[in-house]
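In what follows, a single structure is set out as structure tokens and then discussed.
For clarity, chains are labelled A, B, C, D, E and F in written order, and residue numbers in each chain start from 1.
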Amino acid sequence: MFMHNKKLMYTVRVGETNPALANLMLEQFGGPQGELAAAMRYFTQYLAEDDPGRKDMLIDIATEELSHLEVIGMIVAMLNKGVKAELSEGAMAEADLYVSLGQGNDSHTTSLLYGGGPALTHSGSVPWTSAYIDTIGDPTCDLRSNIAAESRAKVIYERLINVTDDAGVKDALGFLMTREVAHQKSFEKALYSIENNFPSGKLPADPSFADKYYNLSRGDGDIDGDLTGPWNDGPQWERIDEPGLQIAVDGGDGSASVSLSEEEETALDAMAERLSSDPDADVITGADLGAGPGAGKTTKVA
Amino acid sequence: MFMHNKKLMYTVRVGETNPALANLMLEQFGGPQGELAAAMRYFTQYLAEDDPGRKDMLIDIATEELSHLEVIGMIVAMLNKGVKAELSEGAMAEADLYVSLGQGNDSHTTSLLYGGGPALTHSGSVPWTSAYIDTIGDPTCDLRSNIAAESRAKVIYERLINVTDDAGVKDALGFLMTREVAHQKSFEKALYSIENNFPSGKLPADPSFADKYYNLSRGDGDIDGDLTGPWNDGPQWERIDEPGLQIAVDGGDGSASVSLSEEEETALDAMAERLSSDPDADVITGADLGAGPGAGKTTKVA
Amino acid sequence: MFMHNKKLMYTVRVGETNPALANLMLEQFGGPQGELAAAMRYFTQYLAEDDPGRKDMLIDIATEELSHLEVIGMIVAMLNKGVKAELSEGAMAEADLYVSLGQGNDSHTTSLLYGGGPALTHSGSVPWTSAYIDTIGDPTCDLRSNIAAESRAKVIYERLINVTDDAGVKDALGFLMTREVAHQKSFEKALYSIENNFPSGKLPADPSFADKYYNLSRGDGDIDGDLTGPWNDGPQWERIDEPGLQIAVDGGDGSASVSLSEEEETALDAMAERLSSDPDADVITGADLGAGPGAGKTTKVA
Amino acid sequence: MFMHNKKLMYTVRVGETNPALANLMLEQFGGPQGELAAAMRYFTQYLAEDDPGRKDMLIDIATEELSHLEVIGMIVAMLNKGVKAELSEGAMAEADLYVSLGQGNDSHTTSLLYGGGPALTHSGSVPWTSAYIDTIGDPTCDLRSNIAAESRAKVIYERLINVTDDAGVKDALGFLMTREVAHQKSFEKALYSIENNFPSGKLPADPSFADKYYNLSRGDGDIDGDLTGPWNDGPQWERIDEPGLQIAVDGGDGSASVSLSEEEETALDAMAERLSSDPDADVITGADLGAGPGAGKTTKVA
Amino acid sequence: MFMHNKKLMYTVRVGETNPALANLMLEQFGGPQGELAAAMRYFTQYLAEDDPGRKDMLIDIATEELSHLEVIGMIVAMLNKGVKAELSEGAMAEADLYVSLGQGNDSHTTSLLYGGGPALTHSGSVPWTSAYIDTIGDPTCDLRSNIAAESRAKVIYERLINVTDDAGVKDALGFLMTREVAHQKSFEKALYSIENNFPSGKLPADPSFADKYYNLSRGDGDIDGDLTGPWNDGPQWERIDEPGLQIAVDGGDGSASVSLSEEEETALDAMAERLSSDPDADVITGADLGAGPGAGKTTKVA
Amino acid sequence: MFMHNKKLMYTVRVGETNPALANLMLEQFGGPQGELAAAMRYFTQYLAEDDPGRKDMLIDIATEELSHLEVIGMIVAMLNKGVKAELSEGAMAEADLYVSLGQGNDSHTTSLLYGGGPALTHSGSVPWTSAYIDTIGDPTCDLRSNIAAESRAKVIYERLINVTDDAGVKDALGFLMTREVAHQKSFEKALYSIENNFPSGKLPADPSFADKYYNLSRGDGDIDGDLTGPWNDGPQWERIDEPGLQIAVDGGDGSASVSLSEEEETALDAMAERLSSDPDADVITGADLGAGPGAGKTTKVA
């Protein structure tokens, strides 16, 4: 179970209020790469995990991410403290409040709808959704997802640091950014301490297709414009450039088929007949009608 | 630009129609780990990529994923071919069609709303959203996200194979599963051919916090129940077990503060006074009223 | 900041695995009335709250709701423990796994996509969204919202208890249900210890309209069929039955108007002319064309 | 403004309760082709419309759709009347209620979360969203959208009729289906009474591209497999089969370019260098590590 | 299957970078009327289509829309090329980057979250959802939906052209706009080459209600203010103005009813009694309590 | 059924057009606390309600909220009337239209995508969703939800009034705000006229836990910093401060358990072994590889 201590994990010292800056910070509060996504990602993995070591790590880090959510949320609350009170009390003339409300970065929605409170939305006011969480319940996948997620969160914090000149905010963001690096390291160690973690799952890949690279995007008429690198060239790879070898690679006819029952065939035939398009029809259409008697503005009616 | 060949990349031979199985397949058509997510993930990265080699790889693989989307979509179309025609033509008695429609796995929605066509939803009928795509525009992050995504897609295909006994469907799924493995290898190669790809971004981590592991979940009263592993133990790590060292780790007081203007202070004071809760109030509440004259069913137990 | 103890707040003893029952439980894990919604509701209010007593209460209860989220999540994890392992290991014949997967209540999606892990979705597999949280940053509103939310959560738990015959699950659900009652009481007390908490906000209601009840739904031709009760009858109310007194109640003409600049007028006139519908046109339409030469199946072309 | 009459527009006589059938009906209550979507589509168009005749038509039909929403909602309420009361009162043994709740078609969610009330979701329990409404504020587009929407709603009603054998439900559905046909006719008439309604908007199409049909999907190596019809053949069309004429159709080089400032160039060069992939690198990757010492299960490391 | 050519379908020449303009362009990349919606609309219809001619047309146009998605995406990438590199490299002082980031039109989210890459969102940063696609699997409906969709896309392009003064962007937008016109023509031809395409579906409309127009919105007390046009007047229509003829049009009593089993009746009665509102109660409410001892600010307590 | 009168419930007189102000108004049109949410909330409750008095009240108020939706929608339509026509007709130079379009508060999306029409989105352009509606079908819950919803709507109107200086808009907003107060009073009266409305539902709370307050957030090392109030102190409460009494409050061991079948045990053991993390592994990870030959920037600091 969870406990709470009234102190923050990191002290927050904001220089001055700024609702538009607050909304950029929301990206790491209620955005897809933010702390709620991180906390819930690891917390739900912890619940289902059976390996005792990983389970312990997951709840340690989930708990820390909740504490980070509190730090970034407090930054937002501090940056909005002015507009919250002024709007609540109607403390300024309407035109001044209107300006104060709409300083950009969707701060109008944060002020108007959420009263300046930290809302679980991203910086463009879209509500958080658990669709952001990509956990599927296999640790060799989920640890890779966690590694990627931590690297993303690190970079979003870096971008926020790059656009903030408030020293106190920068300081706290630097701590949060660093912890994502530490968490990534933990998840990397946990992944590689599973033997044979690649490929994920139990079923082997089909050797006929596991090492092929299909060169499907062509350069200027020939393939000389196509580039190679370790991702498609070298002893691990067989590169397939020839279009004929890229299609119906199983050697079949490349069609799709299904066996139908007699009843299904009958219904299908009836539907096909009822809804067939006559390829030889000489039809007048709604567009022809709508293009007007004086012939079409944009199309020659013949 | 894109071209299309009327043959599929892999021949699809479905044994018999089955709307409920079709809906399981939707998971890899319009689900979070499915082929549309994959295709759009790599396609949007390709558009913004400046490195010529990675750009070429991204569009090669994006194009292949579109071709996979076509294969899995055709499997769905074949499995639904019966119910589509029968519902369209009203080919059976109502009660029979009702049963046919609702064979489980949300096939009722696929039949009723989409007429048996492959819809871009997951297996539980939730529409696809680009919120599934976690691209942020930094290749050291995005390649890690791609690696994780491919490992997840591989495992979902494995699960589908595990629950399908239609030989033709199994065969095509095996091809699709294998290609996820190949794609993961390409993205791994591309990531590690970027020198110094860890940590992502440009800003260095703060050495004070980069190697610490905060042991925030405690065992039975003491910390002996806590487990160690490469993720929190060893020369790369400093483990912090002591609660006092986990709070306000910057050495501050763990509070949050902001400087306010005089006008902001005034508004805040007015708001605080207007909305203060009296801690010593002896209040009757709506719940007290609602608990009825005969005393509460659940309250005032004392 | 948050800490975690490895013991649950309430011991979970599940009788046997049951994926379809697990999914009903998801309603209180990732559903609109569930524990994540509760925890995030109070946690975000805590961040923005300035009243010290309410702030303390909000974080106490938010922390408890996180601990409830863990309890209900563990129930889900236990109920899915069998299907998770069997699907992961391909432990049964395909046809058996197919049946095991699709036992109803959307358990196919939970198994296939989430590998049997507790996912932040509702019982019908829709992802959790912060759009479920209705906090607006005014305590007299938010406390009312909290009161309502607790009463709803109580009833959903009651429904789950009504459909579960696993004694261990029932026992834990009973605890969780009871705590919602206790939380509702706290929020009621906090609301009523704010003096003059009705109406919310600072601006007074307009006395011309504050006590009127508009009887807008009519009975059988006359208003005798309309019912009265304390909500529209008595000294607090003036009931308006007469249609003429319900329309344009400000005494104006009931129209909408705006002053336009000259440029705006010009553009509007041009648009109006370009897009006017000729009320006297004798037009053939696409539907007329589509109804076929043999006259319409459903419409007399006259 | 709106008024309400306590009688329904069409009398609803349901034979017996059936929660699973109720959920199919939800498709036309809170589904994408349902009555709320219809009512809100026309109501919002009415608000912005400047042509007096169309404005009047739009609010007439919007009001009727609201009345249809009431009819279909009452059907749902009647079909759920049993399960609602039984669940509320705990009127049966748990196992019986569990069975009663989960009769399929997502009725478990409707019962558990919504208490058997008509919820604004589709038949698969996804909440209604205004993203279903495609109004863009141009009448020649919006009327076409309305025409299409009415045709879709007609067909969904037809499917519901096809799977229902309750005579009372069928009767009411037949009325609702028919009204969609009538509404489509009205919108067709309104569209064609706008002169020159094709193409929509004011800007003319570019004659170089307005009549071309690009044959981008090829048959078996040659184009002989491609089919023709009035949509790509005839005096209105110029068909382009030659791949070389389908690419960079403006005659340019088919590349994308932008002029950058000097500062932008500098930043771009720095980024390119920092993040370049070395095409000649001979790299060991995480996948190589994870494939284990005994070489890969699925891939030959060479 | 799909192939890709490294040249674009139309050459993109952007004058200078402009993140705020880029975000307007997102409307046709990841917006509801944009190219992904178009491509997926036709691609999914192609998968389920049985008529060979229509199937061929659908995949031709789907493939072209994917190529358009690439063109508009490249425009976005070019317009953001500066901010992407500058933010990535921290190339400017924080305050300058802050300004550069937030130039309006939600470009702050595109820069911060997506690193300046083309994201599948609309111009207001809402993620793309397949809920935008209204395909239902009946060609007479889907072709009408396609016609409407093309007319909408045409007009959104026209609006973008109207607000852009970059010649290269305007040029490419003009091509894309024109192609929507050509596609609309194809879909019109395909629709009208289906005989008897109106009304959609197989079931005939009920002649009692197919030609009636219900005049449900009334003018100033009488119906003289109501307008007529081809949509409600003429030989095809019977207009119903009389309120009494608009209610319970089936001639029934306009009520809703269902037959209940004895058990259901019992449960319903128990519920009704337990939850009845006493119409004669003289109740004090929470609002009364909250309005304070000094009587209500806004309501007379009597 | 519904009828409509062409007069508004309240006359709308807007001073001048202002697209950015229009978008703030959208908050009460298509936002979570807006009039559509209110109308649909009460309308859906009305459909399922069995108590005749409450049913009548619910449809009276639902009908009024629809009339309010019309009033606020007309305000939006008036404020956008200029930009709608100018954009439609291309009435200004591109650069001027670009400025006109993007005046802030997401008006660019409203103009570009919706053509200046009132769209069912909130002020930050997020589409309305029925996930905003929290009805669960129990009147003692739903009336509390309605009470809370009305108080929230009142405060959002107050905020809009505070930021608007257009006298006509302010006047109409004042009416709408006042009616929310009146509706809240009705719902309060209806709630308290249900005897024993607390707690909601039928099952009694467990007396062991119904009156406990768990003090889970601690002050500075001791609990002296914790505050008391009527919500956790007084005769109704037993406050639990001792951590040992807050954990596993049922007296169990605080673990989660489930009985597994033999087959399940076998599969679980196989999975555990296959996926175990070796706690003693000395592993090189992808991050180690990626940190480069010159040792990590951030790792191995020790």
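Note that in this section contacts are C-beta pairs under 8 Å (C-beta built on N, C-alpha and C of every residue); 3 or more make two chains touch, one makes a residue touch a chain.
Everything numeric here is computed off the predicted structure, so don't read it as measured data.
Q: Shared touching chains for subunit A and subunit E?
A: Common neighbours, subunit A/subunit E: B, C, D, F.
Q: List the interface residue numbers of subunit D and of subunit F, divide the shared ones by all numbers used, and answer same when the ratio is over half, different when under half.
A: Over half shared, hence same.
Q: In whole angstrom, what separates the CA-based centres of subunit E and subunit F?
A: 22
Q: Provide the list of subunit E residues touching at least two other chains, using ranges where the numbers run on.
A: In subunit E, residues 1-9, 32-33, 53-54, 56, 59-60, 63, 67, 74, 77, 84, 88-90, 104, 106, 113, 115, 121, 124-127, 129, 131, 136, 138, 140, 147, 155-156, 158, 178, 181, 184-185, 189-195, 198-199, 202-203, 205, 210-211, 216-217, 227-230, 236, 243, 246-247, 254, 268, 271, 274, 277-279, 281, 283-289, 298-299 touch at least two other chains, as defined above.
Q: In graph terms, nodes being chains and edges touches, is this line, ring, star, complete or other?
A: complete
Q: Once bound in the complex, which stretches of subunit A touch subunit F?
A: So the residues of subunit A in touch with subunit F come to 1-7, 50-51, 53-54, 87, 90, 93-95, 97-98, 101-102, 104, 106, 108-109, 111-113, 115, 121, 124-127, 138-140, 147, 178, 181, 184-185, 188-195, 202.
Q: Give the list of subunit E residues in touch with subunit C in this complex.
A: That would be residues 140, 191-192, 194-199, 204-205, 207, 210-211, 227-230, 234-236, 277-283, 286-292, 296-302 of subunit E.
Q: Under the stated contact criterion, what part of subunit D meets subunit E in this complex?
A: 5-17, 32-33, 52-54, 56-57, 59-60, 63-64, 67, 74-75, 77-79, 81-82, 84-86, 88-89, 91-92, 129, 131-132, 134, 136, 138, 140-141, 144-145, 147-149, 151-152, 154-156, 158, 161, 171, 174-175, 177-179, 181-182, 184-187, 189-190, 192-193, 198-203, 205-206, 208-217, 226-232, 236, 243, 246-250, 252-261, 263-264, 266-268, 270-271, 274
Q: Which residues of subunit C touch subunit D once you look at their complex with the stated criterion?
A: 20-21, 23-24, 27, 31-33, 104-106, 122-126, 155-156, 158-160, 162-165, 216-220, 225, 243, 246-247, 254, 268, 271-272, 274-279, 281, 283-288, 298-299
Q: For the complex, give me every residue of subunit D touching subunit F.
A: Residues in contact with subunit F: 1-9, 30, 36, 40, 43-45, 47-48, 56, 59-60, 62-63, 66-67, 69-70, 73-74, 76-77, 80, 84, 88-90, 113-121, 127-131, 133, 135-138, 202-203, 283-286, 289.
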